[in-house]
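Here the chain labels run A, B, C and D in written order, and each chain numbers its own residues starting at 1.
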Amino acid sequence: MGTLSNTKVKVGIVGGTGYTGVELLRLLAQHPHVELVAITSRKEDGVPVADMYPNLRGHVDLKFQTPEQANLEQCDVVFFATPHGVAMSQVERLLAADVKVIDLAADFRLQDINAFEKWYKMEHSCPDVLRTVAYGLPELHREKIAQAKVVANPGCYPTTVVLGLAPLVQAANTLVDTQHLIADCKSGVSGAGKGASVPNLFAEASDNFKAYGVSGHRHQPEIVEQLQNLHGAPVGLTFVPHLVPMIRGMFSTIYARILPEALEVDFQQVFEQHYAGETFVDVLPAGSLPETRSVRASNKLRIAIQRPGNGDQLIILVVQDNLVKGASGQAVQNMNLLFGLPENAGLQHVAILP
Amino acid sequence: MGTLSNTKVKVGIVGGTGYTGVELLRLLAQHPHVELVAITSRKEDGVPVADMYPNLRGHVDLKFQTPEQANLEQCDVVFFATPHGVAMSQVERLLAADVKVIDLAADFRLQDINAFEKWYKMEHSCPDVLRTVAYGLPELHREKIAQAKVVANPGCYPTTVVLGLAPLVQAANTLVDTQHLIADCKSGVSGAGKGASVPNLFAEASDNFKAYGVSGHRHQPEIVEQLQNLHGAPVGLTFVPHLVPMIRGMFSTIYARILPEALEVDFQQVFEQHYAGETFVDVLPAGSLPETRSVRASNKLRIAIQRPGNGDQLIILVVQDNLVKGASGQAVQNMNLLFGLPENAGLQHVAILP
Amino acid sequence: MGTLSNTKVKVGIVGGTGYTGVELLRLLAQHPHVELVAITSRKEDGVPVADMYPNLRGHVDLKFQTPEQANLEQCDVVFFATPHGVAMSQVERLLAADVKVIDLAADFRLQDINAFEKWYKMEHSCPDVLRTVAYGLPELHREKIAQAKVVANPGCYPTTVVLGLAPLVQAANTLVDTQHLIADCKSGVSGAGKGASVPNLFAEASDNFKAYGVSGHRHQPEIVEQLQNLHGAPVGLTFVPHLVPMIRGMFSTIYARILPEALEVDFQQVFEQHYAGETFVDVLPAGSLPETRSVRASNKLRIAIQRPGNGDQLIILVVQDNLVKGASGQAVQNMNLLFGLPENAGLQHVAILP
Amino acid sequence: MGTLSNTKVKVGIVGGTGYTGVELLRLLAQHPHVELVAITSRKEDGVPVADMYPNLRGHVDLKFQTPEQANLEQCDVVFFATPHGVAMSQVERLLAADVKVIDLAADFRLQDINAFEKWYKMEHSCPDVLRTVAYGLPELHREKIAQAKVVANPGCYPTTVVLGLAPLVQAANTLVDTQHLIADCKSGVSGAGKGASVPNLFAEASDNFKAYGVSGHRHQPEIVEQLQNLHGAPVGLTFVPHLVPMIRGMFSTIYARILPEALEVDFQQVFEQHYAGETFVDVLPAGSLPETRSVRASNKLRIAIQRPGNGDQLIILVVQDNLVKGASGQAVQNMNLLFGLPENAGLQHVAILP
């Protein structure tokens, strides 16, 4: 990169027709240091992006192109907003052309290849690349991301649960029972993506609440792997995702039993110190109750700590916009780190309320 | 039919997997004079209905069957809750077995075969049957329906617009300018059916409002044909449907210019007289403003008449539940007429509010 | 009561302007053994009920009356759908007139008067009556209710959590760690009542998800008291309620740690046996995931049991309609028991889906 | 104002606790040429703005102040986001201190004082100021606004209907029947403001659609006055507002009868020419159907022209975000004009979709 006043990061997006794709476009179209050069969709080849996403009319002039036409090797960085398995099939070619890669799918999230292959039901095609990848949670891995060539953008649920538990499971910590953690998580429907499916129809999902994936969800092993890395020891987690009739937003209610030796700890302070100075992680004042709308369309994640009756049950409440801090905003935050830009560049939007 | 105290109407349903199908099941499961004998779905063959529709657990024990297994000829009446074109392919076989037919699709709604073939893009396979059909709007065609063997259940929009304009376009009437009627209609998303489609996803349709079909919608010729039959002369109608982010409910705002010679007419009285004694059409007191929730899950249609500033613009506001009076409830009302049952049998549910 | 074929239960409702009031009216208007004789509201004195609740037009002809006019002593039973504190101020007068009382508020839910006075911030005015009250959870206290003169209709959250845990905490049971139960509960907005308040505005509550009352909620001591009565020993419960952007529906996700000596127990069977034969409690097949809409506007409560990875964490998922089984439907079920009517009389509505 | 590189516009807000207030704060907090100096609320005196509006945490550090403390005379401009009647009581004092005023309420929208007093039921306290006011619709009155000291920010409905009809009613135009215009308008619930009221509760307004104000609404005379100013002759308008269960968004379906002499006119071209070069008014390509979400949280207003069957009925479809182009965004646009800033400064947000 030259000096920032002269040069912009050239960005390509593979598979920009889904919700993380349009959200990337919204954020990048307003980013002061980015030049959008290509967006690919084999199916929508030739269609102006703004025809599919009318909110982008007047902001994005690109048309969807085939990957062949798009010449992604000219980019400084390519985002994959694709189904699982696409990024790993193209990453080596891009790395060879000195293009950095940020994958919003799961191809590089799990270092445990067996777990990956079990949960995603596909063989991993580039384990060598996988070993070099940075897990893109900037608040925990800022330096590694800045040095990386490939960033695995975390899953939406893992972002809330890992950031919500990180201060408690740090290496030396003996604060809570790490064998019986519970994450009761709730997501807006956009988390299910833009694919046509009956359960996500308005007439099915509206005025309704349900759990899903209770017997097993792909984000559970991702959370556990990250927590174990932090903790340096095995971690046990019960993870129950639920679907909320709202478009955007994620709310995680996390339960951890305080160990007898930690009953005197000031957990509010533990969290405030851990996230002091972070732009995008906001530890709310003691006694607060977060709402998802307080972060709607912004890259903030807010955390509140509760301990009813000052007992041995700690409750951590975490909110984010699943499409921003839980996906595309975090991807842009990772891009900023990759290119030495201010970490908050293009990400200072105020949340939309009401 | 024997005496009602001893005998129940044997009912079959073809294609019961969509929203009009499950709504028929909800109504018929509680109907005092009905025995549900078969429901068909080739795709769901063998699946208990209650597995697909958990609200029916404990109320309906049927399984979906193939049409072959279902032996629909044993029924007294068969409802078609199918895509357009299915009923007309099976109606002759059923009539031959002395089974009556109520079609919730459009196969028999338009007497004008050219219009049918233009709008539904298929050839009509049984024009002879078509000529014998009763259009199933009981408040206008009660006697014809009672005599019919095949009933064409009206479209959801036509039910509101035809009932909303009928008192004004009756044969002798010279009340309003019938060449420039406007129906600005709004429907809940369940009207689009249960097919998986991107525009009807929660994340697309929620927190959004849009028009559709402005350049042409299949219900426009149906409304016009019915109004012309009532009026005995050509009628002009602009019809603009919109999609509302709610599951059920239809609201039609109808504009009619009062003719100079009718400026002294008491239109509130015109409507009250026209619908006096009707169980399911409720003309609200002068000055009322209806809400869709006042009829949610009930077979009522409510009408209010407004005339701002006592000028020459008449506004008729009509609400119904698109799945009940706009579809399955009206179909049951037609069934009651076909079999000499009390017209309100099984249809006396109070609307759900809130 | 005379014989049922001749006589109807004469019912009065005090304070029928809120959501539990209108829901009582919806259910009682269709109840085969009920005669609605009076409904009181000092504020709405003289207003037809159907003017306030247009869904009742054509179904309920009553007007609101002052309590003085209403002559509630003529009733067989009076429902209190009032703020906390009203029922206890009137109950003695009604009992003296041989009128039974069902209170939908909290006046008689807690036998522990200290807890009542702490949580509801009012003195209890009739502790003598309180000691005779039946807690109106028919599946647990059917016989006591049938003998009672006053029934305390349970809170909405307690109905789900107590029924969801009852099979696990029965006297002799050593199945789960009863000191660390967790109930992560989610309610539709109608649970907050019809009072005008900013947080419950559409523009505040829609497209949003939040927790509330985490540091303490009135239903927590109610649940604990009931569980302790069943268990015969102290019980520890963390209770976190959340607000879901839907009108009706309640979903409770309950976490219980299985004791080492119970790891071989078939918990699906425990629940199925416990609720065998119940009309309104439906234990779903193993592997099921309930949805709130499967009980919308019906008196059913559905329970599913999950045990991820066959580990030591049991998850009980419970759904109900907070206004029906969680309030007015359960109140009618209690009335049926009080008067020897079939327990399901007037309560057999199929849930509305979609 | 000095040169912009050195100086920022000092902004005060009176009454910032409502939805237009928080939206002003969202926009102004991100505006490159603005310094927020004061926000008043007598009721919330001393409360940090971010405590009431958690989306502003980290973006706005102001506390609410009493008007006395706020010293609004130090500002360059003061926005009134207050109930009707407040701005006119304070405007003269501010003008005397050389402070410009933008009123988001109705105090200065109607030049016809009789109409104002009839519809708003209060006396107008400063008719002299009223005569100098610019009506803040920049696309029609850009130059007058730039010269004004007081700007009357238009109502939300008038913005859509006046901009939707302006190209048709321009002075010389004889394109449509201007005596029988119809505006069938639909608004999200935030348009009703943040006051606690039963009809706007989630449990009342969700899953429901209704009309309101059909017999008379305050925005009707405002629209008519503006159209008559453009047309130079009387205009007749039927205006029917409806409430949509969505937070933000306004959709106006406008019907105009084409005059016989104008049947050959290309109306698409009329609109495209009229709004050529406008940043915030987007005439969609022929055949388009706009959606409210395409402008959610942005200052764009989009217009589509439809003419079914190429007949004599013209339909103009207009969408905006009622809180942005319909209120606070337009107010900022007016501020930019008042201070010679680029008209789009601080207003280039991309709409949030999904």
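Here is the rule we use: a residue touches a chain if its C-beta (ideal position, glycine included) is under 8 Å from a C-beta of that chain, and two chains touch if they have at least 3 such contacts.
Keep in mind it's a predicted model, so treat the numbers as computed, not measured.
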Shared chain contacts [subunit B and subunit D, defined touch]: A, C
Of all other chains, the one whose Cα centre sits farthest from subunit B: A
Centre-of-Cα separation between subunit C and subunit A, whole angstrom: 40
Centroid spacing, where centroids are CA-atom means, of subunit C and subunit D in whole angstrom: 46
Geometric centre distance via CA averages, subunit C-subunit B, whole Å: 37
Where subunit D touches two or more other chains, by residue: 19, 188, 190, 194, 203-204, 206-207, 245-248, 290-291, 293, 296, 354
Contact footprint of subunit C on subunit A as seen in their complex: 180, 182, 184, 186, 188, 203-204, 206-212, 214-216, 238, 240, 242, 244-249, 251, 253, 255, 257, 287, 289-293, 296, 306, 308-309, 311, 313, 315, 317, 319, 354
Subunit B-touching residues of subunit A, taken from the complex the two chains share: 19, 188-190, 192, 194-198, 200-207, 245-247
Interface residues, subunit C side, partner subunit B - complex: 19, 22, 26, 29-30, 53-59, 190, 194, 206-207, 247-248, 279, 282, 290-291, 293-298, 300, 302, 323, 348-354
